[in-house]
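You will see chain A twice below: alongside chain B first, and alongside chain C after that.
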Partner chain A sequence: MTTMELLTWLRGPGLSISITIMLIGITVRLLEMLLLGRKKDLSEARDSSSAKYGWRTVFTRSLPSMACLQKVPVTFITGYVFHIGLFLIVFFFVPHMLLIQDVINIKWPGLPFWIIDAITLLTLIAMLISLWYRYWDKVRRYLSTFSDYFVWTITFLPVLTGYLLYHRQLLPYNEMMVIHIITIELMLIFLPFTKLMHSFTFIFSRWYTGEAAGRKGVKI
Partner chain B sequence: MSEDQTLAKLLLEQGVSRRGFLKFCAGLATMMALPASMIPTIAEALENAKRPSVIWLSFQECTGCTESLTRSHSPTLESLIFDVISLDYHHTLQACAGHFAEHIRTEVIEKHFGKYIVIVDGSIPLKDGGVYSTIAGMTNLDILKETAKGAAAIIAVGTCATYGGLPHANPNPTGAVAVSDIIKDKPIINIPGCPPIPVVITGVLAHFLTFGKIPELDSLGRPLSFYGDSIHDRCYRRPFYDQGKFAKTFDDEGARKGWCLYELGCKGPITHNACATEKWNQGTSFPIQSGHGCLGCSEPDFWDAGSFYKPVPTSPSDIASNVAPAVAVGAAAGIAIGLSNRLKKAHAAKQHKKVTNDDLQS
Partner chain C sequence: MSASIERGIAAFKQQIDAPIASFFNSCVHCGMCAEACLFYESTKDPKYTPIYKLEPMRRIWKQEYTFWGRFASALGISKPVTDDELGEWQELLYDSCTLCGRCSLVCPVGNDLVYMIRKAREGMVASGHAPEGLKGATSRALSMGSPMGVTPKTFKKQVQHAEDDVGIKMPFDKQGADYLLIMSSSEIMEFYEYIGAVAKIFKQANVSWTFSSEVFEATNSGIQIGSSDIAAELVQRIVDVAEKLQVKNVVSPECGHAYTAIKWDGPNLIGRPYKFKVIHILELLEQLRREGRIELEGMDDEKLTFHDPCQIVRRGGVVQEPRDLLNSVSSHFVEMPCHGKWNWCCGGGGGVSANDDADELRLKTFSIKKNQIEKTGAKKLVTCCSNCRSMIEDGIEKYEMNIEVVGLTEVIADHLKE
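For the complex of A and B:
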C-alpha cells in the first residue's frame, strides 16, 4: 500500500469508521449515565426555579475564577490555554473547519494561519507544562493513573503532528499527513471510553451541580 | 547516421556551434536543478555520449503522454530524437507499421542488449490473461517482459505506467497494474502525471545520458529534482493560503483576485510535481495559474481520492449519512444497557432489608 492509498483510505473509510465508533460510544455512554437516574431529593426546594441555576452554571463554570488562579496557578493557566487552543484549532483552522462544515453543512469564517500557528505552539507548550506539573507535583502524581497519561498522549499527538505537518518537519508532507490523521482517528475512537468524554459530560455535571446548589438556595 | 558516433561529433556535423552546445548544457543543468559548476561536466559527458537506442512501448493509454512529449521545448522533441537519442520504436511517431515495426523492436533488443532504454506509457492489464490490450497478437505483459529483459533502464511515463492511472481506477475492470508491479530486476524511473510535463520527460532522459545512471528518486520512484516539492509549496498563490484568503467559487471576487483555490478542491498540498516551476506550453502557465485547482494527477490513485472540487481535508466518504445510523445504534445499545442497569438497581432495592434492632444487637 502506497502512502497515497493509505491517505485516501484514512480520509475516507478510516475517518468514517472512527467517527461512527465515536458517535455510537458517545450515545451509549450518555444514555447509560442518564438512564441510571439520580436519587430523589426528598427535601423541600428552597428555590423552585433551581433548573435555572443548572443552566447558568453550565456557562459560568467556564469563566475564570480568581480564587483558582491564586490557588492552582499552573493548572489554571495551562488548562485555559490548551482548552481554548484546542477549541480554536479544531473549529477555526481552515482545513479542519472545511471537513466539519462539509459534514454538518453550516459555514463560518476561519482564522488566518499565522494566528492558528501561534495558538498551536502555545497549546503544545501548555500541554507539556501540564504534564510536567502532573508528574512533578507529588499529590497529582499519586492521583494519576495510566488513563490520565494515555488521554494526555492521544490529545497531544494530533496537535504535535499537525504542527510538524504545517511546518514540513521530520517527514515528507503526505507521510506526516497519514500520521496526523491516524492520531486524530485514534483520539476520536478513544474519546467516548476515556476521560475525554468530559467534552460532552461537562454539560450534565455542571447542570447537576448548579441545580443542586440552587435547590438548596445557594446562588452560584 | 552511425550509432557509434559520439554526440559531439553528431552535433558538429549538424552545424551546432560550441556556444550553442554549451547553452544547451546550461539549460539542462537549470532544469535538473544542478549548480552551474556542473555545466562543464554535463558538456563533457554529452560530448562523449553515444546515442542510446530507445524503445517506446504504449499500452493502456490515451496517447496524452506522447502528445505532451511532442510539446517539449527544452530540448525540443526533434533535437531529442535526432541528436540525443535514437527513438527506434514508437507507435505514434514511427514511420513504419505492421510486421516491420515489430521486427525493428526485436532487432534493437538483440543488437543493443543491455544498453537500450525502454520508455513505457500506459498500464498493463493482467485480468483474463491480459487480453484487454494486445499489440501484434502479443499481450502487453508479454511485450513488456520481452523488451525489459535487455534494457539498461526503464522509464515509466505517465500515471498509467507509473501507478496504473485511470485504467487502474476503481473497479479496475482490466486488472491494470503499473510497470513496477511487473518488472522487479531493472532500474525504473517513474515520471507520473496525466500527462507528465514534457521537459520532465526530456530532462530525465538527458540526465540518464549525462550521468549514465538514474537520478535520485523518492519513495514512489520519482526523480527528486522534479518531484521533490509539492505544487502547494511552490505555488505563486501560496501567500494567499497563509493569509487565509480563499476563492469560494470560480467566479467570485477572490477568484478574480487570484486567491488560493484550496477551498475549491485544489490538491496542490498533497501533490508532488514540477507544474508550479517548470509550467506548461513553454513555461507559459499551469492549471492553478489559469484558475483551476490541481487535480493531483501525479499521485497514485488520484482518480479515486474523492471529488476534484472538494477540499483536501474533506472526506471522500459520505460521513453525514453515517451519523443517524450510528446514533440509532448507540441509542439502542445505550437504552438496553440503561434498562438492564435499572433492573439491577430495582432488584438491589428489592433485596434491601431494613435494619432492625435485632440485627444491630446480634
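For the complex of A and C:
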C-alpha cells in the first residue's frame, strides 16, 4: 500500500469506522449511565422551577471563578486555554470546518490561518504545562493514573501533528498527514471509553447538581 | 443482619444512580476539589482530595455498571474492592468529610461530591466500617430518642428551666397548633437559652405553637452515619407526631444537619411528601419580622460577624434571612472573606463532631475558620447552628482566641421591644 492509498483509506473508510465506533460508544455509555435512573425528589422545593437552575449551572460552571483562579491558577488557566483552543481548532480551522460542514450541512465562517496557528501553539504550550503540573503537583500526581497520561497523549498528538503538518516539519506532507489522521482517529475511537467522555457527560453532571441546589434555592 | 463486605458492596451498588454515574464519567482528575476542602487545605495531604475519598465507590461503579468494567471483571483482570480497603477509607469518608459541600461548588464538571459521599457512607455502614462514636450516637438516637442520650424527662426539665428564666409557660402536645417546635439535643443541653428565646419571640408575635412530649429530637444520626433505614425511622417519628397533633408546620431548629434531615431528606427517606410544611426557625423569625409581628429595638454597634452553617446556607438555601435579621439589630455587621455559599465549615458537620477519631484533625481544620474570623477584626461571632457553635467554641479555646460566640435566635430575642 502506498502512502496515497493509505491516505485515501484513512480519509474514507478509516474515518467512517472510527466515527461509527465513537458514536456507538457514546450512545452505549450514555445509556448505561441514564438507565440507572434518578429518584424523584419528594421534598417540597423552595423554587419549583429547578430545571432552569440545572441549565444555569451547565453554563455558569464554564465561567471564570475567582475562587478557583486564586487557588489553582495553573489548572485553571491551562484548562481554559486548551479547551477553548481545541474547540477553535476543530470547528474554526477552515480544512476541519469544511469536513464537518460537509457532513452536517450547516455553514459558518472560519478563522484566518495565522490566528489558528497562534491558537494551536498556545494550546500545545498549555497542554505541556498541564502535563508538567499533573506530574509535579502533589495533588494532581496523587490522583493521576495511567489513563490520565494516556488520554493526555491521545489528545496532544493530533494537535502536535497538525501543527507540524501545517509548518511542513519533520516529515513530508503526505506522510505527516497519514500520521495526523491516524492520531485523530485513535482519539475518536478512545473517546467513549476514557475520561474524554466528559465532553458529553459534563452536561448531565452539571445539570443534576445545579438542579438539586436550585430546588433548595441556592444558585450554584 | 450483620455487616459484611458482601453487604457493603451490595449497598454501594444499590446507591449508584444516574447522577453518580455521570459524576464518575465526568471526573477528569483535575483535583480542583482539593483546594476547596478544609481537610486538604489545613493539612496539604493529597489523600484528603474529595474525589479520592470516593475511589472504592468509583471502582464498584466501573466494575458493575460500565461495559468495559464488566468485561474486565469477566476476564478476572479487575481488582475487587476489599474489606481492608474499606477499613482504610473509613478515615477518608467520615473523619475527613463534614458533608459541607464546598467542593461541589468548584468542580468544573459540576460533580456533587457531597451527594456521592453521603451515598458512599451507606456502603460503609453495611460493611461495618463506620466510626464507633457515630455508631454510639445512632444507637442512642434509636433507643433513647436522642444521639446525646437526652431523655424526654431531661428535655422537660430543661424546658422547665427555660420557663423559669423567661417566665413563660410553654405548651406541650397542643392539638392543631400552627407550629411544632423540634430541637437538637445540643440546644437542649448546652444552649438551652435557645428555648427561652424562641418562647419570648413567639409570645410577642402571638404564634400558636407547641412542643411534643413524645418527640423532641430533630437531628438525624442515621443520615450522618449513612443508614437510610435508621434515618427513615427517625424522620418517621417526627412525621407521626406532627400528623397526630395535626400541626400546620414543623419548625426546624437552628441546627444545620437537622434542617437538611427534616426538610430535604425526610420525605425521600419515608417515601412520601409530608402533610405539613417544614420551615427553618430563621425563615420563620424573618417572616415574623417582615410581617411586623415582632418589634425589635436597640442597635448593637459592636463589630460582629456571622458564620454560615453549611447545611443551612450552602446546602439549605437559607442565605438571606440570617443577614436581614442581623442587619435589623446590628449597625456593624461585617462579612467574613468567603461568606454565604462560599463559607468554610466549622469542621464538625456531617457527624464529625460525634466521631472521637476525628477530634485532632477537626481542630487542625479550625485554623481556616480562625483565619477567616481574624480577618474581620470582630470580637463577636453570631451563628445559627448549635453544632457549629460548640465546634467554634472548641476551636477558640484550642487557639486561645478572644471572641464571643452567640446564637442568632438569642440575639433577636434580646432585642425584642419590651
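Following the convention adopted for this analysis, the second predicted complex is superposed on the first by the 217 of 220 C-alpha atoms of A that agree within 3 Å, B and C clash if a C-alpha of one lies under 4 Å from a C-alpha of the other, contacts with A are read in each partner's own complex, and residues count from 1 in each chain.
Everything that follows uses one rule, which is that a contact is a pair of C-beta atoms (placed from the backbone, for glycine too) under 8 Å apart; a residue touches a chain by one contact, two chains touch by 3 or more.
Owing to the predicted nature of the structure, the values given are computational and were not obtained by experimental measurement.
When the two complexes are overlaid on their common chain A, residue A:94 makes contact with chain B while staying clear of chain C. In the superposed model, A:220 lies in contact with chain C only, and not with chain B. Legend: residue contacts after superposition of the two complexes on their common chain; A:174 is shown touching chain B, with no touch to chain C. Applying the stated contact rule after C-alpha superposition, one finds that A:28 touches each of chain B and chain C. In the overlay built on the shared chain, the residue A:36 is in contact with chain B and with chain C.
When the two structures are aligned on the shared chain, A:44 is found in touch with chain C, with no touch to chain B.
By the touch criterion stated above, A:198 is placed in contact with chain C alone, chain B being left untouched.
Counting contacts by the rule stated earlier, residues 28-29, 32, 34-37 of chain A appear in both its interface with chain B and its interface with chain C. Touching chain A in their complex are the following residues of chain B: 163, 218-220, 230, 233, 241-244, 246, 262-263, 269-270, 272, 299-302, 304-306, 310-320, 322-323, 325-327, 329-331, 333-335, 337-339, 341-342, 345. Residues 28-29, 32-39, 41-44, 46, 57-58, 61, 65, 67-68, 71-72, 75-76, 79, 137-145, 148, 193, 195, 197-198, 201-202, 204-210, 212-213, 216-218, 220 of chain A are the ones touching chain C in the complex. Contact residues of chain C toward chain A in the complex are 16-23, 25-32, 34-36, 40, 44, 46-47, 49, 51-52, 65-68, 104-112, 115, 263-268, 271-274, 277-278, 313-317, 319, 338, 341-342. Contacts from chain A toward chain B in the complex involve residues 2-5, 7-8, 11-13, 15-16, 19-20, 23-32, 34-37, 94-96, 98-99, 102-105, 110-114, 168, 172-174, 177.
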